[in-house]
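One structure follows; several queries about it will come next.
Letters A, B, C, D and E mark the chains in the order given here, with residues in each chain numbered from 1 onward.
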Amino acid sequence: MKIDRRSFLSFLLGGAAGTALSPLPWKLTDDSSIWTQMWPWTPVPEDGEASYVNSSCTLCPGGCGITVRKIDDRAVKIEGMKRHPVNNGGLCSLGLSGLQLLYGPTRVKTPLKRVGKRGRGRWEKISWKDAVSEVAKTLGDLREKGQSHTVGFISGSDRGTVPRLFERFLTVYGSPNLIRTPSIIDSYELALHLMQGAQALPGFDFENANFILSFGSGIVDGWGSPVRMFRANSAWRDTGGKVIQIEPRLSNTAAKSDKWIPINPGTEAALALGIAHIIIKESLYDAEFINNYSEGFEDWKAFVLGEYGPDSVATITGIDSTTIIALARSFARASKPLAICGRGQGTTPGSLNECTAVHALNALVGNINKKGGVFAVAEPDYINWPEVEMDATAAAGMQKNRLDGAGSKKYPFSRYLLNRLPQAINSGKKYPLKALFVAGANPLYTMSDSKAVKKAFDKVPFIVSFSSYMDETAQNADLILPNHNYLERYEDIPTPAGMPQPVIGLSRPVVEPQFNTKHVGDVIILLAKAMGGTLSDAFAWDSYDACLKETMGYKWQVIIEKGFWSYPDFVAGPREESFDTVSGKFEFAPKETGSLKPFKPVKIEGDKTNYPLLLMPYDSIRLANGAMGDPPFVMKSVDDTVLKGTDVFIEINPKTAGEHGLREGQLAMLSTPVGQAKVKVHLFDGIMPGLVALPRGLGHTAYDEYLAGKGINVNELIGPVEDPVSGLDAAWGVRAKLAKA
Amino acid sequence: MFPFSFEWIWDMGHVVFMGGLWYALTILGIGMSYCIIKAAMDACRGNDEHHH
Amino acid sequence: MDSALIPRGVKRCPFPQFILFIAIVGAVLLWGVYAMLLCWFKGLNQTNMNDFYGFALWIWADLAVIAVGGGAFFTGLLRYIFGKDDLKNIINYAVLIGFICYSSALLILAIDIGQPLRGWFIFWHANVHSMLTEVAFCLSCYFGVLTIEYIPLVLENRQINKVPFFHHLGHNMHEIMAVFAATGAFLSFFHQGSLGGVAGVLYGRPFAYREGLFIWPWTFFLFTWSAAACGPCFTILVTKITETVTRKKLVKDTAIQLLAKISGWMILTYSIAKTADTWYWATVTVPSLGQTLMDFYSNNPFYGIWILILEIAICGFIPAFILITKKGRKNSAALWIAVFLAVTGVCINRWVMVLQIMAIPVLTFENWVLYLPSWQEIATTILPLAYGVILIAISYRYLPVFPNEPELNPIETLPAEEEEAVEPSVELEQELKPAEA
Amino acid sequence: MKHKNAKKYGMVIDLDKCTGCGSCMVACMAENNVPFRKDESNKVLSITWLRVYQLTNGKPFPNTDICYLPRPCMHCEGQHEGHSPCVSVCPAVATDYNTETGIVSQIYTRCFGCRYCMASCPYHARYFNWWDPVWPDGMEKYLSPNVSPRMRGVVEKCSFCFHRYQLAKEKAFKEGRREIKEDEYQTACTQACPAGAITFGDLNNPNHAVSRMVKPDPKHHGRPTNPNAFRLLERLGTNPKVYYLSSREWVRRAGDNYLENEAKYKKTVHQG
Amino acid sequence: MSALDNNAKEIAGDAGSDGGATSSPEINTKEQDKGPAGPVILFFIVGLFASLILGWIIFPKLLYSKKKQPIDFNHVMHMAEVEDGCESCHFFREDGTYSGVPKLDQCIDCHEEIQGDSPDEIKFVEEYVSKGREVPWLVYSRQPDCVFFSHVAHVKVAGMDCVTCHGHIGESESLKIYEENRITGYSRDIWGKSIGGFKKNTWDRMKMDDCAECHRKMTANIERTGVKTPTKRLIDHLVDVVSPGTSMSEKGSSVQTERGACFVCHK
């Protein structure tokens, strides 16, 4: 048989007909489509049993309750805990994206030891045993040489069992250098100490206040316990509460407020005193409180009446006198007025004078330790560990002056002055820092004048980071002893920032530890045991969890069930018992503060001729600027008028931009006495002419590719300014200039 | 596309639209079949009549 | 080398020259194919499209090639249904151009969709309320019609025609071409229209939205009309370009003139209708939605009112007036200008109805978003162009596309041609027919 | 085609309370397995089912005002039920209007990525997966099994967390109930909003908070009768189910287009 | 006569015909056509059958890979032990979700120790129970990720029997081979054993159309108007268009399909 062309064609035709009549082409077409619906590289989340675990969020001091939804052993969603006293179901964007931190690429997965030069990012994995013994050896050597005081510890908090373990360790070891990271809380603590004689945290009864006079506090920008503040703000909408926001830039808080009063930056103290002037002059103050529970009012009154007439205040602040008078009257006449301070999120402590002036306003209207007012909230007294026994070395070490100068003759009342540490190290005048531990903090990113901070850190020969994440400080450490992520560990959360009643929250393991990490409390206990002697004696617990359980005592059962422990029967003591000053009364003008001296604005860096503009950092709830950086979801929520690609935008008034010949979106060089950076221009009508604003929270060099290398860290452009009384950082900005790039 | 597919509804839209479509397809199909079959037959028969 | 395949009575350039030409255009084609593969394998992130520009250059190219490809259906309609016999001299080329345009459109659509392997869902799971479904169905059906119309031409190739089956097939198809053409016209009317409907039904976009007749917005009719009006201009334009490139007269003036005249009147009536539509839309529709005409033509660096004037006045009325006057269309330069303007006009219209719609903010707090295509988009848009040139070149070389050509360009040196023709073609025949051994 | 007990789920967002904190955006992303990329600053390429816009009144310092406006999918009802701008244009029935809940769905496995729906949506509520979704190694652990991750090349959008409705239904069925209660079905953004600015519920049910807040007028396609309430682009006739409340006139006016000198919004009924 | 001769002659003839009207090649083709028609038809049939065999028999073998379950399982034996039938192990959770294939936790009560001496039992206890590893069962009826299927709605509300969709798996003494579609990753039970998609029983296939088929019947039953004929539907529709709201037709909640809304079953 000949196979000719026709036969072949015929064969093909038959084949085509047969194929069409078989499932082959149709099934293949269908299956290829189904393949696109099931692409093997698109993940398929495994289904399973849903469960919910209540815990507390520790990503900021807000202390929100969280409910974590789990599918089998995976955590799949974080939600706000319903009926939690702080947040009642709501949660901020950082808290909501916590799982990206838990499972994220920035986790330090095992103890790491630096290889090669510091900060190069080259590490070798080491075992926990080796890591602990290496630290123990370094510390032991220093102690042997009598240099125990050259060990420093930077902690994000000084409350709760974990920071108290740090403190206990340093005490028995023999170093006074435990330093807490700064915030407005420092200034408030000091103000409460000086004016009320209290060693306490400020608590604000926002829920019951109805007239909020905010001196730049970002009520809805992350100030205090952010979610609680959001809730309070909404409650005021419903109940008719008023918010007056005083700041030079239209922040979200200003936009949400009932009245936004732009003020010349850094003159808030003068305005507070100007308001006091009117209140006193028009006798609008709470005479009962003033007469019975205050001291030094007459002196202060004379001072305020003499110096702070509305016209002179108007000149200083740029707010016209009628506004000041009206403001003072409405504040004093409100049934539940409340004045607060701390710019933005209260990231920097600010000037002490400002804080006392604002606090004096609250005293003037008599709302100290009273419903709708300010409370001095002592830390709940649940940590009652046996007294430590200090050996001679420890005692000698503890006798040494603190390296940061807190508690010194110059700054006798301040407890921690982290802002002074770089200078103390760099000048080398006191003593060197031979070892530094960092936990719950990221000073290399959060401290201003980054260059000086970096220089100081470079001088410390041994840096240990306890960070769960590869942050800037961890990246520049010699040893990383990664802590469990906050969803993998137990920790008590003492009273959230700004709460008027004490609450203890509990953060608890939601999932098993994902990596080879260890609870920092356990590491401290292990370290103490490794060092032996009095150290070992002072840390008799088997583990941190045992320590916590023992510490909580009978509260443990409740806190484990409810997720928090509150003091329902907490009432502020009677007025008579409220003040622990020498006079036993509220001090209007404690002499230590020098508050009777005429107002002098904080002298910020830079001269007017070379730097005609003022640069102010601003805080945004969408940009975490503390020890944590933004997880990818939160980064995603950042507006394109804040960040575009890797360029950050400065906010500038169109008028000022016009004077500089700058258009929207244009690149410009922003210089300050501290540093300079390339920025993009965003014209914003809501900012005072002559001002330039830059967001905090960008410009990370560590973390993952979702965060690092974007924008600039405002701390590279700003340096600290020491408050003459507290020694805390009082800088609210820096002089700057702008040129086309 | 077909009355047995999930999305099909017996409504005006489907009847008119798909009706028009199937109508056109039918014409094209019948036309082409006619041409092909006739061509095959012509070729077999060696029909040459239409040539001028 | 390939003279056995070349139609009788015409002269073609030497084979190496032809191959060189194909190679050069082929290189462009390959560039396009490369870009196409990038889009298929890496996804549409290769483009500069975004969530505001879901429709962009490709959809414009699609709409534009279909509009200018409308010459095929309209010429076919005139030739087979209305019996304009003069057009038989240009109908082949019109069909070829249409075929290229429609196959390109389908190719572009296949690249444009995010999930090409699911493309058939548009047929299988059709939503008959969607204008795009109508487009897809009619487009593919009409492409089928164009293929049917193109096949007889292919079958007329000297060698293919020798196969009796093909010979008869070609003949039979010619016989009932009117039926196909009528079906094609029916389909074409709807898909040209539904392409207009694609924009017109977007009631969320005041710039696109039009009232209309029953389910069809006015743009439905305007698109059909404009395609019928400007499509033939494109056929003329391409014919003119081909004549320039080949340095030959290929189509008799009578055909061109007739087509130009009809096209001219179509453009004129279209332009009047478009003006009326624009007027009604600008004075009634848009204000009822709280906007004014100038909202769509200001506050952005590109789209000014000039584009509307250019589209309607300069590329609408001017070519219309040139083409409806005998003097105008007889003048070669004027004819060139007129058809060029008309084609430009319809392309601008399609651009506006795709890209400007996307650019205009509807929410008061959004801004204009302009768009620049990526090289991949440009390459894949040029790809059909290169493909078209190649298909035209091959068809022109091997098929009797222009029935008038031998008549208009008599070959003088016949014997030489003959000599050359015989020898190589034997070899070629051998290749084509396997020896019966 | 009205169903007995048909629901019309809708949302009311109080812009006086909204602080622009972005919790809703993030809660939505976390709930719905929304992917993210290295650079998300180009907002026309950034999948954000619920996007918070910043509106300004355009006045110079110090009379400037800003307002935040969260924009989920509006789940438009259209002029006749289900004639939302996007549903009617989808050529492959990948997006649909559910008359039982009033929710506009998107079926990712059906969508073949023509993007016509995106072109039709004046709210830019629809997003295309230009890239394959990629989670950094290990992070896919937090993906929720209740929402399927989308593949490259398809369109996605807010679903009013429909899976939560499904889960609530399942629970009700288990407990022998057929109906679910108001608080059993709440969207992730509603729950997460720290300011309590978002309220979600059935607009057909006069007892639900959403109905009480905006008092929709059923004769006029649910147009709000509360003078402080408005819907985005009301005059287009899309009939969204997301309502906004604002005490500020300029904010309410920013919700739609107005002719110059147009004193007040005249309620024109769209002839679609 | 050789083809070569033919062609040469033909071309010569062509060349001589002045290139005018097409000459007729039929003189030659006629002769060619005289070739036997038999082989041509035979080849057609060969091609037809070859491709049919390829499509119907070889293709499915290539398309599906065969996988064995990690261990065998005897449903019959377990059914005898439990009181609640299928739901004893495949139960509903508190929140109404369906638990699916049992986890180790459920087995551990009885299988802490090795029961009997079957090798599968030994493997189960040694490999999985004592090591705390879940058994990686291959689930025959696993629907793809895009599907949301509410078991509780079907079993508790509609009172359906497991067998309707899953067949008589509860009466099996051992587990069958699991076949996986190499392209899609689906279990073969979804498309059904028959490559042509034919089915006899309700449980033979688990495609969307099978859901639809059953639902259509159910809807028709509920309406008690019998299965709606196309004509009736169309008339209903015409009534709807002419005078909306008067038609008695009860449609599904989907505007597009007039059936259940898409996302009732898709996520």
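Heads up, the rule we're going with is that a contact is a pair of C-beta atoms (placed from the backbone, for glycine too) under 8 Å apart; a residue touches a chain by one contact, two chains touch by 3 or more.
Quick caveat, the model's predicted, so the values are computed rather than measured.
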Chains in contact with subunit B and also with subunit D, listed by label, are C, E
Among the chains, which has its CA centre at the largest distance from subunit E's? A
Report which of A-C and B-C is connected by more C-beta pairs in contact. B-C
Work out the mean Cα position per chain and let me know which chain is farthest from subunit B. A
With centres defined from CA atoms, tell me which chain sits nearest the overall protein centre. D
Between subunit A and subunit E, centroid-to-centroid distance (C-alpha), Å: 56
Taking the mean of the CA coordinates per chain, how far is subunit D from subunit E in Å? 36
Using Cα averages as centroids, what's the distance between subunit A and subunit D in whole Å? 33
Please work out the Cα centroid separation of subunit C and subunit D, and write it as a whole number of Å. 41
Each of the following residues of subunit B touches two or more other chains, namely 6-7, 43, 46
Going through subunit E residue by residue, note those that touch at least 2 other chains and give them in order. 22, 26, 29, 33, 95, 97, 144-146, 256-257
Residues within subunit A bordering two or more other chains: 2, 4, 32, 35-37, 44-45, 47
For subunit D, which residues are in contact with subunit E within the complex? 1, 3, 6, 81-83, 87, 93-94, 96-101, 103, 105-110, 146-149, 159, 162-163, 166-167, 169-176, 178
Touch list for subunit A against partner subunit D, complex: 36-37, 39, 41-48, 69, 71, 74-80, 87, 89-93, 96-97, 99-100, 102-105, 220, 226-227, 230-231, 233-234, 237, 250, 252-253, 255-256, 260, 262, 514, 621-622, 632-641, 643-645, 653-655, 684-689, 704-706, 710
Contacting residues of subunit C [partner subunit B, same complex]: 123-129, 133-134, 137, 141, 144-145, 148, 164-169, 171-173, 176, 179-180, 183, 186-187, 190
Residue ranges of subunit E in contact with subunit A within the complex: 35, 39-52, 54-56, 59-60, 63, 93, 95, 97, 99-100, 144-146, 181, 183-186, 191, 195-197
For subunit E, which residues count as touching subunit B in their complex? 21-22, 24, 26, 29-30, 33, 208-209, 212, 230-231, 233-234, 237-238, 241, 256-259
